[in-house]
Amino acid sequence: MAERTVLDVQSVVKRFGGLLAVDQLSFAVRQNEVLGLIGPNGSGKTTVLNLISGVFKPTTGDIYLDDRLISDRPARHIARAGVGRTFQLVRILPSLTVLENVMAGAVFGHKRLWGREARKYAERQLERVGMAHAMGMATAALTYIDEKRVELARALASDPRVLLLDEWLAGLNPTELQTGIALIRSLREEGRSIVLVEHVMDAIRSLCDRCVVMSGGVKIAEGAPAETLADREVIRAYLGDEDA
Amino acid sequence: MSRAEIRSLTLAAAAFALLAFLPFLKDSGYLLSVSVSIAMYTVLATSWALFSGPTHYISLATAAFYGLGAYVVAAGIGAISYPLLLALAGTAGAVLALAVGVTTLRLTGVYFVIFTLGLAELIRQVVTWVQNNLTGSRGMYVFTEITERIIYWELLGLAALVYLVGWLVARSRLGFALHIIGNDELVAAHVGINSAAAKLILFVISGVFAAVVGAVMAPRYTYIEPSIVYSPELSFQVVIMALLGGAHRLWGPLVGVIPFALLWELIAARFPTQTVLLLGVAFLLIVYLIPHGVVGRIEFALERLRWGTRRG
Amino acid sequence: MYRRTALKLAAAAALAGALPLGFVHAADPIKIGAVAPKTGPLAGGAAITHWPNVQLWVHQVNERGGLRMKDGGRRKVELIEYDDRTNPGETIKAVERLATQDKVDFIVAPYGTGLNLAAAPVFAKYGYPQIACTSVTDKVPELTKRYPSIFFTLGTTTAFANSVAEVLNKLRAEGKIGNRVAMVNVADAFGIELAEAARPIFKTAGLEIVYDRSYPLGTQDLSPIVKGAKAANPDAFVAWSYPPDTFAITEQSKIEGMNVKAYYTAVATAFPAYRGKFGKSIEGHLGAGGVNLDTSEMKAYLAAHKKVTGKDADYWASPVTYAGLQVLEQAIEAVGTDRKAVTEYIKKATFKTVMGPWKFVNQSIHDFWTVGQWQKGLFHGVSSTGLPGAKPVIAKPGW
Amino acid sequence: MDILITGILLGATYSLIAMGLTLQYGVARIMNLANGEMLVAGAFGAFWVFTAQQASPFAAALVVVPGAFALNWLIYRYLLRPLVRRAKNRGMLEVDSILATFGMSFVLVGIMLMVFGGGYFTYSYLAEPFEILGSPFALNRVVACLVAVAISGLLYWGLNGTRTGMALRALAVDPAAAGLVAIDVPRMSAFSFALGGAVTAAGGIVLSTFLTMDASIGVVFTMKALIIVIMGGVGDVRGAIVAAVILGLAETAVASLIDPGLTLAAAYLLFVLVLLLRPEGLFGRRQS
């Protein structure tokens, strides 16, 4: 564990009116690390991603990127500082072409390219997610899975240090899942840190270096995937006295 | 610059050059007066669409900027040279747009629409009050040697400028950013776009154009009344022509303005006693029969043509 | 109802065409263009003072067989009318259209100060005489110098303010009122100009302005302003108002019991609708305009107006508008349809109109009615810039 | 005290202008730019009844209100329903309804011009002082206030005390969800649009007793109504009334205490401030 900490979440609390969505949550993500953020529905995982990427500001607590405080900055600054993300419900830009969708990341993100450079860079990202064939297509023609790939390519186009993936692997068939896992692994190997909100247990087991388990906004376990998933508390959170 | 771009730029330049000769035609007075109103609405609607097309913000504040520009000229004419007044009007428009933009661009949807309407009225009331209590009747007459012909050329120049600005914006990072903002503001923020600044810049650009148009038109009226230069009808017409043409293309408003203006002219000339009724009926027919604006129709036709040729 | 005129005209034309040629071939009609608001903010006023008089004049001229030309022939009048929707841009376009497309011989001046001034350059460009009957401005010298074919007939804001001051002082001299004046104005062009002109004039005339406020065009409740004026305890109340607010201010004054002995509201006081709304309680009200109701011409005009248009004329701009058309009529009859000659003729000749003899000096009429007063259900001129026939001013009785 | 009463009376006038639009815009989601013309049409009806029939203008309500209801029902059914159907989202419907009702407002002005001519119409009815706490107020305005209270009371009861009202409120919150719970969305929308038109026309009848109008003045009322409705919060009758009264009080206070020249400026300033501080309006629900 010699890698240094890239993303540091410190005692973050998020309230929506009377609802306590995240309570005193702390964890850190190191370079080259894939961190799994897991927990039952409604446990606050997506909220955590939204706090990191700047959709919301924490009620209290701080989030640091490379020792720089980012939790008081707007989303666009966080993006430029090197945090990229995908969304649980894919957000594709409908009136742009596939290539333009990806260029959006390259032009304004961490990288800030323009013109030919941006185009080339975006094309490379599309190739990488296996969408090279779709470059000039209108987004309306894409399947849901393809949309997810385009969205990932857009996030990658900004060359993020930290990548937040919100159930990106959900809905893939077994073959696609294998490609997806390989892709994420290759991203880690480039030195990126990845926070993965995921329900696909196979993926979590094979990808994650560590897991943070949440329930009701609270961290209930943290550690290597095998250990945490075996934790009694975790099992109860997933299967126990939940009536949903 | 690609070859296609050079070609369309050359074509556009040639078209503007050709249009500039219109006042030299024999008996062109009527044609000129119709052209002035077409040119005026083209500049207003195109600059309006520069902001509203990509962002989907419907602004009803055009009259506020237009009136401001007209009043700047009315207040300064005689004391300050006219070109300087135009610059002043533009500056005033920019300042107003900046102030308005900073405070209001966080409103969305219909709230922004009605807000701008209220704002235009607020400005009109304040200007009127200032005029009534501080300046009296001074500054309501605009006596100049500027003829309709000069106004036409000025507007033509402004139209060229607005197209140039629109074209430059579309090619720039800013244009791309706006396009993304119009699609999904959350994504825009997450790819690092400062959407507030981008929107503000465009709002200021459209405000400056509207103010300068007001300043250009002031000599045509000779006599400036708040109820005329701040008429909400102006704001509505600009919106309607732009939407009718299609606000998402630079040339969209133009294809709305021209047929619209000609149709209205035809009705006004042929049916002088039932003008308003028939204008309304014509308008309804357009709305119901051309649902996606003229641009939508043209693009649809082009698409079909393309498919047709591909198949054939 | 203008359509009716047009239909009648069309019928007359068809008839004329069908008739075998008996006398001299009936010459082509003289084409007269007219553009004024039928819709928009000024439409209400135009529907009272402008359009009915155009209609009346065309009707009367054609009924008597047309204009009697120099050569002894008669030429009927054909009217082409447009609605400018109270938009100066439309006015300009319509005048251009009349001049270059319809190629009309003459154009009736538009309605209102703003629309007239917007159209003035176009009238001047084509040399059409523009007898601007519904414009009140203090810039007459500049305007007439700039536009050699424009004519003003309704007066200047300074003259209106002067006359009001004179009328008030007359009442003061008779011991009927003191010198305290409450003054309000509508914050639109004409109201602002009048208030601006009145301030120094009232002061010099020894009148003390104890309340001086404006209100925006379109104010829906004028009771605060009437309350405010009343609280200042004035001897006279002067409102430089527009039609809708003239009605509202009067109604509110009545309700508040503003018992001043001199009560003045500007535009629309002379409208028959004013009398229609308030009946007897307007006895002694002062307002802009006025006419000499005792001349036989005026009596005939009022009767004809009622008969042809079905409505009463107002006692200010209506007859002036009609008189403007009479000027045009007499000038055409004297020198023909050459616009330059007609313009020159208007500048020099004296005309016999319902307002009495008119002679333009520096393109404007200098003798005009400025203040009228409702006396026994009729609106008489009580002050003018030198016209005969003014009635003595009375103090306003209670409501 | 004077200011308070005058302000409330003016507020009642404004609520008469705005209540109909609340129903049309808030529930049926049609931003109706022809609303003011409907008001003027109602006023014309009253004027005609008063001058030609020599009857109380309020008698006009017997014909005008059902007539306006039917007319607005037809307008919704045959002109607006197709727009609702072809709109993919709320934004598109907004654009389409702005365009369509703008055209309709021209048509209505044109028709009124043909029928009634372009002149001012004004008459005197109940224009007599009515003493409240020793100060005189216009009786017709007091009556207008009572009518406004009655209409808003009826609407409030209708919306909160009946099944139909509940359906309408559900519709105002979310038409899609309302459809899911077996509310006949097209019918209810048509109903609320028609009801809004009828309320507007009724307001016109009352207003004609003290306002001078002409055929093309409708746009003035439309603008005021839009501003009040947005200020109050879309789809909330209570909000519209509160906003109307606030505007009435503010205008009167400014006119009496500061300068009548600034009344409208103050009203718009207030509106602008409300939107800046509470973008969803006084009683609106915040959209996330």
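We just call them A, B, C and D in the order they show up, numbering each chain from 1.
Definition applied: contacts are C-beta pairs under 8 Å (C-beta built on N, C-alpha and C of every residue); 3 or more make two chains touch, one makes a residue touch a chain.
Please read these numbers as outputs of a predicted model, since none were measured by experiment.
Any chain that touches chain B and also touches chain D is listed here: C.
Two chain pairs, B-C and A-B, are compared here, and B-C has more C-beta pairs in contact (counted per touch definition above). When each chain is reduced to the average of its Cα atoms, A sits farthest from chain C. With centres taken as mean CA coordinates, the chain nearest to the overall protein centre is B. Distance between chain centres (mean CA atoms), chain A to chain C: 76 Å.
One simple way to say how far apart two chains are is to compare their mean CA positions; for chain A and chain D this gives 50 Å. Taking the mean of the C-alpha atoms as each chain's centre, chain B and chain C sit 36 Å apart.
Measuring from the averaged C-alpha position of chain A to that of chain B gives a distance of 43 Å. Among the residues of chain A, none is found touching two or more other chains. Along chain D, residues 109, 113, 216, 259, 261, 264-265 each make contact with two or more other chains.
Counting partner chains per residue, chain C shows two or more touched chains at residues 38-39, 41, 187, 214, 216.
Chains that are in contact with each other form these pairs: A-B, B-C, B-D, C-D. For chain B in complex with chain A, the touching residues are 173, 176-177, 179-180, 182-184, 186-195, 248. Chain C meets chain D in the complex at residues 1, 37-41, 43-48, 51, 184, 187, 213-216, 218-221, 223-225, 227-228, 243-244, 247-248, 251-252, 254-257, 268, 271, 273, 276-279, 311. Chain B makes touch with chain D in their complex at residues 56, 58, 103-104, 106-111, 113-115, 117-119, 121-122, 125-126, 128-129, 132-133, 232-233, 236, 239-240, 243-244, 274-281, 283-284, 286-288, 291.
The part of chain B that touches chain C in the complex is made up of residues 27, 29-30, 32-34, 36-37, 40, 125, 128-129, 131-133, 136-137, 140-141, 143, 147-148, 217, 220-223, 225-228, 231, 233, 265, 268-269, 272-273, 275-276. Looking at the complex, you find that chain D touches chain B at residues 31, 33, 79, 82, 86, 90-91, 94-96, 98-100, 102-111, 113-114, 216, 219, 223, 226-227, 230, 234, 259, 261-262, 264-265, 268-269, 271-272, 275-276, 279-281.
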